[in-house]
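First up is the structure itself, then whatever we jot down about it.
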Amino acid sequence: MRSRLAAAAAVAVVGAGLVAGCSSSSDSPTETGGRVDLTFWAWVPNIEKVVDKWNAANPNIHVTVSKQAQGDELVTKVLTAAKGGSGVPDLVQVEYQALPTLVSNDVLADIAGEVGSAKDKFAEGLWQQVTLGTQAVYAVPQDAGPMMLYYRSDLFQQLGLSVPKTWDEFAATARTVRQKDPKRFLTTFSAADPGWFAGLSQQAGAKWWSINGETWTVAINDPATKKVADYWGGLVTEGAVDDQPMYTPEWNKALNDGTLIAWPSAVWAPGVLEGNAASTKGKWAMAPLPQWSSGESKTGNWGGSSTGVTDKAKDKKAAAKFALWLNTDPDATAQLVTEGGLYPASRDAQAGPALQKPPTFFPDQADFYTQAKAIADTAAGFTWGPNVNVAYTAYRDAFSKAITDKAPFGGAVDQMQEATISDMRKNGFKVG
Amino acid sequence: MAAVARRRRTAQHLVPYAFLAPAIVMFSLFLLAPIGYTAYLSLRKIKVEGLGLGRGSRKEVFAGLENYRQALGDAELWRGAGRVLVYGAILTPVMLGLALVFALLLDSPRIGLRRFSRISIFLPFAVPVVIASLLWGFLYLPSVSPGQHLMRGLGLPELDLLGPDLIVFALANIGIWGGVGFNMIVIYTALRAIPRELYESARIDGCSEFQVAVRVKIPIVVPALILTTIFSVIATLQVFSEPMTLRPLTNSLASTWSPIMKIYQDAFARNDIHSAAATSMVIALVTLVLSFGFLRLVQNRAFGAENQ
Amino acid sequence: MSVTTRSLLDAPVQDAAPTPVARRSRPSASGTAVLVLGAIYCLLPVSWVLVAASKSSADLFNTFTFAPGDALLRNIADLSGYRDGLFWRWMGNTALYAGVGAALSAALSGLTGYTLAKFHFPGRTLIFNTLLAGVLVPGVALAIPQYLVLAKLGLTNSYLSVLLPSVVSPYGMYLARIYAAAAIPNSLIEAARTDGAGEWRIFSRIAVPVMRPGLVTIFLFQFVAIWNNFLLPFIMLGDDRKFPLTVGLYSLLNQGNTLPALYTYVITGALLSIIPLIALFLSLQRYWRVDLAAGAVKT
């Protein structure tokens, strides 16, 4: 009786050990005869196909893609895995704003030795985001998200509107839309998308974080950001623009049925519009973002990620080689464009053959990507701090509250500043 | 003979412990150890030096009760607790009231379509909370909601179910929808176990069905009601998935709307496992006190059977 | 001390004694109406999923919510084709986690409940209370510490990392204890002991068969709980080929700003993921014994 129980228990434990050994393939390195197996956590659609090309050409360095989460959630998983000491991937797709967080947690390796030579292949603003202003290089830029304005050309024509070139014109257009058709809005202000607001602030010249020697400076409520916040706050209070969050079923419907007729967004918008508002194909057009002063041409970045090699990678040299290939090789970047739907960070790729045709969703705008490249070159650089997530969460909470309380947006920006700076101080960062 | 008997008695003494061993081992590994680790983490914090970007500039150091002080002093946590109490005050009575009514109706003799109703009302139990919240989100959003469509058609004013005034009802509704079936079945089976004679006599005396229900049935199923209330209260205190799923759809939900959401934010968004640990211990303690208080009350009634 | 258990979906009890004809006439309209309203309320989102899954992506946001489309089969085909049938792999994973996890959990709960109910030993109340306290700590809070503990054991990102924590079910042990106490007469056990049977034999040959309805109920509860669980597999699994349905569908929904949300896939997937559970309920309904949760009533 008891001995049988013990025997059964022993079998169970041994069995568990065997199964654990069989299934933890991504935990233990398998190097057989000089071949290296690398894991790559990414979320770009169809990136597996690009990786297949690499695997075919490089049998010694085999890369396996795992798509389990996006953006911030992926960062959390990587950090948790790093804390636990096992299960950390060798390569990981990291959005630019998450790089300082990962570097601060010793998750990313410095690959300056392997990829430093590629510096000139990328715009300065993007390269700065992967070096964090230091001599080290923590990732290779993959794609970029310069911001531009998308609008329904058919509805603009119908309502007799012209494309606004300055933010003042944009405000006037918004009011006109409401006047002519109370069921429509020019666009919506989203309290759920801090990256969008960050990009707009970048355009105005905001510098939320900056480094002075060994001290951080946090200035989320600098005049540039306040200008942007007050501008949009005024429009929301007036009712000139809508206040619903983006990326909801309601927002999809609004894009489909013309309740919203313009969208300040980034270069990757065609893919989103195609997925969410397929019925409006061919009715949209793209133009540069409205400017704060007439004649200027500046923009900011919304999103965009890089490929990093982790500190725990089995073979950093091999991983860095792959990362560089993925983001600079003409075939690889072309495929990332056509199948992944992203806008490459590499300058060569931006002028490459894959981007000679306009996106399928914009069949009538032949020079879409030529224009995009010109706009991309004007994108401002930006320094991200080590606690971007705190700032982003504060944005969501503060701005959504400001909307429901009908309070001015300037106060929301101050709340973001307060939350960010106190979190950094609490953790011991040196904040000036 | 005596030796054998003694050995048997000794062996018998140890049998319960042997039988409990698997449960104790698993429990220790997957519940006790993490809880202990959480308690340990709650006493530590991260200290950064300078810019925090260089190697090894982050260190985990002992923090004493600092995390607890911060958690208890955080106004947002108390606000969240208040919101959850309101949510619970709406959810629990309505859900259990409906469950009771449905169970009583199912137990009444003159009801039609019994099987259909029983299965339908129980169906939401099969839907994961994340999916259920998404489905209801679709049904709440004004432009895609059929309800709003109907209201517009009838000329009635639109209800902003995701607005700040009604959001707590919208959330409670998801919980009610998901939980009423299960609780109904629990109460119903308690009702079915009542000997028929108890209320046949009442019926013969001329009591209406309603009076039978109120005077005879309800008092007898009070223990079942107490049990379902406790579990409902515990679940309410830990509400998380519904507000998390609805949050991207509306401006009315802060990321720390419920205390558990605050823990999630700390652990997953701010990567501050230490604050999260401290807040978790606080919440666990509160839940423990409340639940054990109730369990004490019902312990006799719940286990009276085996003490005979 | 016998238990009057009733099958969950029994037909209404027929009374032996005759009752006045008037009371047995037509069903009550108001009572039936209330129940049917409740049923409709509960069916509403489920029927919405069915209708929404039948619409193509373009139609989803363009047509009236309850107008059915014609694209159900096409949506299912598209979903199946997504990344070479990943959805069905998720479905298989979920069945594995839920089936094996619930079976192990029922077995463990049965053994534990029986022991706690039928044996008197020092520490019994303490152990029972400790086991129960396990439900009180929020799962969200435990997720990362559980991950870290499992990481020390080298078990993360494996099927076991989701299976093993799911096996411990304090609620199941609670139910098993009540059921064992009420359903297994002490006399039966004593008789077996006098006959010289070993304790394990008593448990497996006598207690388990008597407890079977209760064990099936615990199995079903735990099956649903594991099937619908999100946070545990989300934090434990790094390989998306090991995902269960909840995490998989969530990943389809949250593709980030730069990608469109795959609403059609998610809705179709949600529909397909509900069906097995419903089928399970309906097929096992004669085994349900939910009254063990309300065991107090029989005193």
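A, B and C are the chain letters, set down in written order, and residue numbers restart from 1 in every chain.
In this text, a contact is a pair of C-beta atoms (placed from the backbone, for glycine too) under 8 Å apart; a residue touches a chain by one contact, two chains touch by 3 or more.
In this text the structure is predicted, and so the values were computed from the model without any measurement.
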| item | value |
| --- | --- |
| Intersection of contact partners for subunit A and subunit C | B |
| Comparison of B-C and A-B by number of C-beta pairs in contact, larger one | B-C |
| Intercentroid distance (Cα basis), subunit C paired with subunit A, Å | 38 |
| Distance from subunit C to subunit B - Cα centre to Cα centre, in angstrom | 15 |
| Geometric centre distance via CA averages, subunit B-subunit A, whole Å | 36 |
| For subunit C, residues contacting two or more additional chains | 61, 144, 148, 164, 199 |
| Of all residues in subunit A, the ones touching two or more other chains | 1-2, 5, 73, 83, 247, 249, 253, 257 |
| Where subunit B touches two or more other chains, by residue | 15, 19, 22, 138, 144, 273 |
| Contact footprint of subunit C on subunit B as seen in their complex | 12-13, 15-17, 19-20, 22-24, 26-27, 29-31, 33-35, 37-38, 41, 98, 101-102, 105-106, 108-132, 134-136, 138-139, 144-146, 149, 177, 180-181, 185-187, 189-190, 192-196, 200, 203, 209, 220-221, 223-224, 227, 234, 238, 240-241, 260, 263-264, 267, 273, 276-277, 279-280, 283-284, 287-288, 291-292, 295, 298, 301-306, 308 |
| Subunit B contact footprint on subunit A (complex, rising order) | 1-2, 5, 9, 72-73, 76, 79, 83, 100-101, 103-106, 132, 134, 191-192, 211, 214-216, 243-245, 247-250, 253-254, 257, 259, 386-387, 389-390, 393, 396-397, 400-401, 403-404, 423, 427-430 |
| Subunit A-facing residues of subunit C, complex | 57-58, 60-62, 83, 144, 147-148, 150-152, 154-160, 164, 198-201, 235, 237-241, 243, 247, 251, 254-263 |
| Subunit B to subunit A touching residues, read off their complex | 11, 14-15, 18-19, 21-22, 45-53, 55-58, 137-138, 141-144, 163-164, 248-256, 265, 268-271, 273 |
| Subunit B partner contacts - residues on subunit C that touch it in the complex | 1, 4-6, 8-10, 12-13, 15, 17, 19, 23-28, 31-32, 34-36, 38-46, 48-49, 52, 61, 64-66, 108, 111-112, 114-117, 119, 121, 124, 127, 129-146, 148-149, 164-165, 167-168, 173, 178, 181-182, 199, 203, 224, 227-228, 230, 245-246, 249-250, 253, 266, 270, 273-274, 277-278, 281-282, 289-291, 293-299 |
